[in-house]
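Each of the next two complexes has subunit A plus one other chain: subunit B in the first, subunit C in the second.
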Partner chain A sequence: MIRMLSWAYLVLAYAFIFLPVAVLVAFSFQNGRLPVPPFKGVTLDWYGKVLGNDDLTAALLNSFLVAVVSSLVALILGFLAAHALARVRLPGSALMRGVLIAPMTVSTLIIALGLLNLFTLTGVRLSLWATGIGHVVINLPLCFAIPYAAMGDHQRNAERAARDLGAPEWKVLTLISAPMLAAPLAAAFFLSVTFSWDEFIIAFLLTRFDVTLPVEIWSMLKSGLSPATNAVGSLVFLVSVTLVILLELTVFRKRP
Partner chain B sequence: MSLAAKDSRQAWGLLAPALVWTAAFFVLPFLGMVALSFANMEGRDIVRGFDPGNYARIFTDTVMLGALRNSLEITVVVTVISVVLAYPLAAIIAFRVPARWQRLALMMAVLPFWTSYVVRSYSWLLVLGQNGVVNKALLGLGLIAEPLQIASTRTATVIGFVHFFVMLLTLTIYANLIQLSPNYARAAQDLGASRWQTFAHVILPLTLPGVVTGAFLTFVLSIGDYITPQILGGNTELTLPQLIMLQLGRSGNFPLASALSVVLMAVVTLAYFASSRWLRLDRV
Partner chain C sequence: MTAAVSISNVSQRYGQATALTQVSLEIEAGEFVVLLGPSGCGKTTLLNLIGGFTEPTEGHILIGTRDMAGVAPKDRPTTTVFQDYALFPHMTLRDNVAFGLRMRGMDRAKRSAKAEAMLALVGLEGRGDRRPHELSGGQRQRVALARALAVEPDVLLLDEPLGALDLKLRRQMQGELKAIQRRVGTTFVHVTHDQEEAMAIADRIVVMNAGRIEHVAPPREVYLQPKTLFTASFMGEINRIPVQGGNAPFGPVPAPDGTLCIRPEALSPHGSLRIGLCRIDDAAFFGTHIRAHVSPLTAPDLRLVVHLPQSQPVEPGRVLDLGAETYVVLTE
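Right, the complex of A and B next:
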């Protein structure tokens, strides 16, 4: 009985989880003007329209650029800080860990508003770079915490050995620490890319013209429901899922 | 220079970039925002000063109090429903699904996570709208005569949120359940505990930190979200983030928007202290 109920619950839960995505993808093929029932037959026109839309492809490139660059910056800053705090006992190190993690517990809207004030006051022009600064802020906690949690005695000993043999600190970092932490560093990087890629409010408030994909999709929504929006959403979904499967099969394979 | 002093100088050097970045682009703007929340608007100009008028307005104006109440109600309802739905799902995946399929089952459970956040809310609009899938299905089956008004109501916002956070919580709760040694449950049952007693007195307390951590994240992320209530809830019952964005857009009232953000921040801080006993943010 409990067994039956469990499987029934599992099926219902998956149905709930998949319902919106299934509807999204199905009606991206709608041969009509509205992505709602009745289904009027299959067409690929909307995909053609979307792929031929220059604003969308520009937004896609902007999103990709800001995601990769801001994640790299966050990863380097986070990794160096984690390395320092894991190695040397500094006065106030608990406080510094707290400060570095803090942006994680603050709504992105507040971070965005604070930066908007700062940039307006100091006359920094709102642009993709301003958005990138904000994305480093939201991803730094993650890029610090994940490598920090992964640093153990095993690694400290290897680093110490390298230093005893005369390696300068930058060599210890690039030849010992980073390769030993390859998996957590990759995990932190890809999580950051995902968050930045999908982030809306910072990109919306801090960019004027070179907008990112979520902001471009947002402005598509203003003109009402359209299968074109479904097509964009389905494409994003397809690309992300492919990427996740590739990562699962390569980088994260060894993880239990 | 001694070795220890050299070490610590080097450590400061490695720490500095991250600390400076966080100070310049997080701490400083936040303090600036708090300062701005005590400023005033005269026409289109911001007049700085120390005037608690914005806060007085927030706690007396019915629209603003209403937004605060809407946000709190929606967030609490979403957090409770999401935990209640996600826990059994995580438990079934952890204990019923064969071990070799668990990773796949988990990946499937969070698959829609990989659509864009904006698109996910939009998809629910297609499901819940006036001409949406749900209404067309119910009308077709003859269960209702008129389409239900779900989109542009609080219900739609809650459904959209619950969908997202069930995925997130299933992950965090599963991670907790799978770490539990089966010996705890075995010991309880050897000592004569029923299935229910084993769950209520052994499994649940052991997984409480994970549940509370996930619930706290749900609270923080949903109370600060603008997209979901804006797309699904519409403009009838505003939430705090919607009100903040209205202040920024329509009237350019940065001081009031800042004050509202400080209130939002205060609510999150209260939630943090309420749950800090069980929180394990470092283990997310």
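Right, the complex of A and C next:
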């Protein structure tokens, strides 16, 4: 009985999480003008339309570039900061850690508004670059905290041995520290990419003419519901799921 | 390939705490020196100073004829075998061993060949494709040794390298370490707190205590003629008997005032320094010998530890006539 209940609970929980997505994906195949019941049959027309739409494919590419580049930058900065703070005791280490992680607790809206003000004041043009900078800001705490938590004595000793064997500091970082932390670094990177990929508020406020996918979807929604929007949403979901599965297969499986 | 190490008047302080006080030591090229002492005696600090991981507060360290002040570990002619091996888990054994050569710009084919040769030297030939996690503790230790020796350092530093191994494997590795040192001729500086290990492998033992050097000598001398009471008791069990005005508690002895130190195995019926009749209080069988507590009849309050041959009947109350073959009197 208890067993049955726990299974029922599990099914309900997953249904709660995934039903909206399932509905979204299902109606992206709607053979009709509106993504609402009744379901009128299956068609791939909307996907064809979406992929034939230059604005959308451009936005897709923009999102991809912003996600990958901003995540790489955040990862490099976060890793270097984590490495330094894990190894050297500085006055105010705790404070520095706190300040690095702080943006995690601030809402993206506040960060976006702050960046908007700053860019306007300093005359930086709003663009994908500006959005990328915003995404570095929100992803840096994550890219710092994950590698930082994974660093330990084991790694410190290996680095010491590498230095002893004649490795200059940049080779210690690239040949020893980073490969030893491959799993947490990959986890941080993929998480950053998914966050950046989905992020709307910063992208909305800090872009002008070239926009990212969430912003493009937003402008599509303004002109009313359409299965095309569902198709875009499904594609975005597909990319996120692929990333998560990749992460699962490459990073978390390999633990010796 | 090998070089002398000269340490003169080195002191090391961390804030208020003093780790080393005015330490001076000459190590010859090609010598196997063991730094021995209890934890906190400064032996690892001294090793780190030679390796360049810390700079001395005072004093100088020369390797060969070169002053090492301000020289980083990577630029010193030293490499270290660490206690936890510190192998690179993401690299094969071959790449681990070849790492130092790679840092010196040797091309891949050459350094791989050298790495294989070094692995063969430590008894791991043909295992270059394995990874560290596939190895046992003893094998990892060998890889760490091969890696440190691959770059042909003048001085090899070993920081309690056998500490994590079980007793049997440790004894075996001691023999191998010594044999490898003889073959490569590199100066070895080895840190341990195990006096048996020190005696098994060292050309000379440096006994350290509380940041100072107590005694530097070959194993036999450190054990049989210790210079200080600390050395005497650290090297193994010893009986300490106070002597005053030519008299020990059990009677007159031909020795100056001080502490008469006698090893348990130096006491036997034939020793030249006569203790006289002693009564056995208790005894236990230790395999290679019988360890017994005895008291001289003339000084029943004095309790001596003595190692007796296996065949000796040792029921409590039995009386033996004992004397010391070797002994030393320390006046401090």
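Remarks
Throughout what follows, the second predicted complex is superposed on the first by the 253 of 256 C-alpha atoms of A that agree within 3 Å, B and C clash if a C-alpha of one lies under 4 Å from a C-alpha of the other, contacts with A are read in each partner's own complex, and residues count from 1 in each chain.
By our rule, a contact is a pair of C-beta atoms (placed from the backbone, for glycine too) under 8 Å apart; a residue touches a chain by one contact, two chains touch by 3 or more.
All of these numbers come straight from a predicted model, not from anything done at the bench.
After superposition onto subunit A, partners subunit B and subunit C are found to sit side by side with no clash.
Comparing subunit B with subunit C, more residues of subunit A are touched by B.
Vertex at the C-alpha centre of subunit A, arms toward the centres of subunit B and subunit C: the angle is 100 degrees, rounded to a multiple of 10. Of the two partner chains, subunit C is the only one touched by A:Ile176; subunit B is not. After overlaying the two complexes on the shared chain, residue contacts for A:Leu77 are found with subunit B alone; subunit C is out of touch. After overlaying the two complexes on the shared chain, residue contacts for A:Arg160 are found with subunit C alone; subunit B is out of touch. Contact with subunit B, but none with subunit C, is seen for A:Leu221 once the two complexes are overlaid on the shared chain.
Per the superposed model, the minimal spacing between any CA atom of subunit B and any CA atom of subunit C is 6 Å.
Residues 3, 6-7, 9-10, 13-14, 16-21, 23-24, 27, 34-38, 76-78, 80-81, 83-85, 87-88, 90, 96, 99-111, 113-118, 121, 133-134, 136-137, 140, 144-145, 149, 169, 198, 200-201, 205, 213-214, 217-218, 221, 225, 229-230, 232-233, 236-237, 240-241, 244, 248 of subunit A are the ones touching subunit B in the complex. Considering their complex, residues 7-8, 10-15, 17-19, 21-23, 25-30, 32-33, 36, 85, 88-89, 92-93, 96-97, 107-109, 111-112, 114-120, 122-127, 129, 131-133, 136-137, 163, 166-167, 220-221, 223-227, 231, 241, 244-245, 248, 254, 257-258, 261, 264-265, 268, 272, 281-284 of subunit B touch subunit A.
Listing the residues of subunit C that touch subunit A in their complex gives 51, 53, 72-75, 78-80, 82, 84, 86-90, 99-100, 103-104, 133, 147-148, 151. Within the complex formed with subunit C, the residues of subunit A that make contact are 153-154, 157-158, 160-168, 171, 175-176, 179-180, 182, 256.
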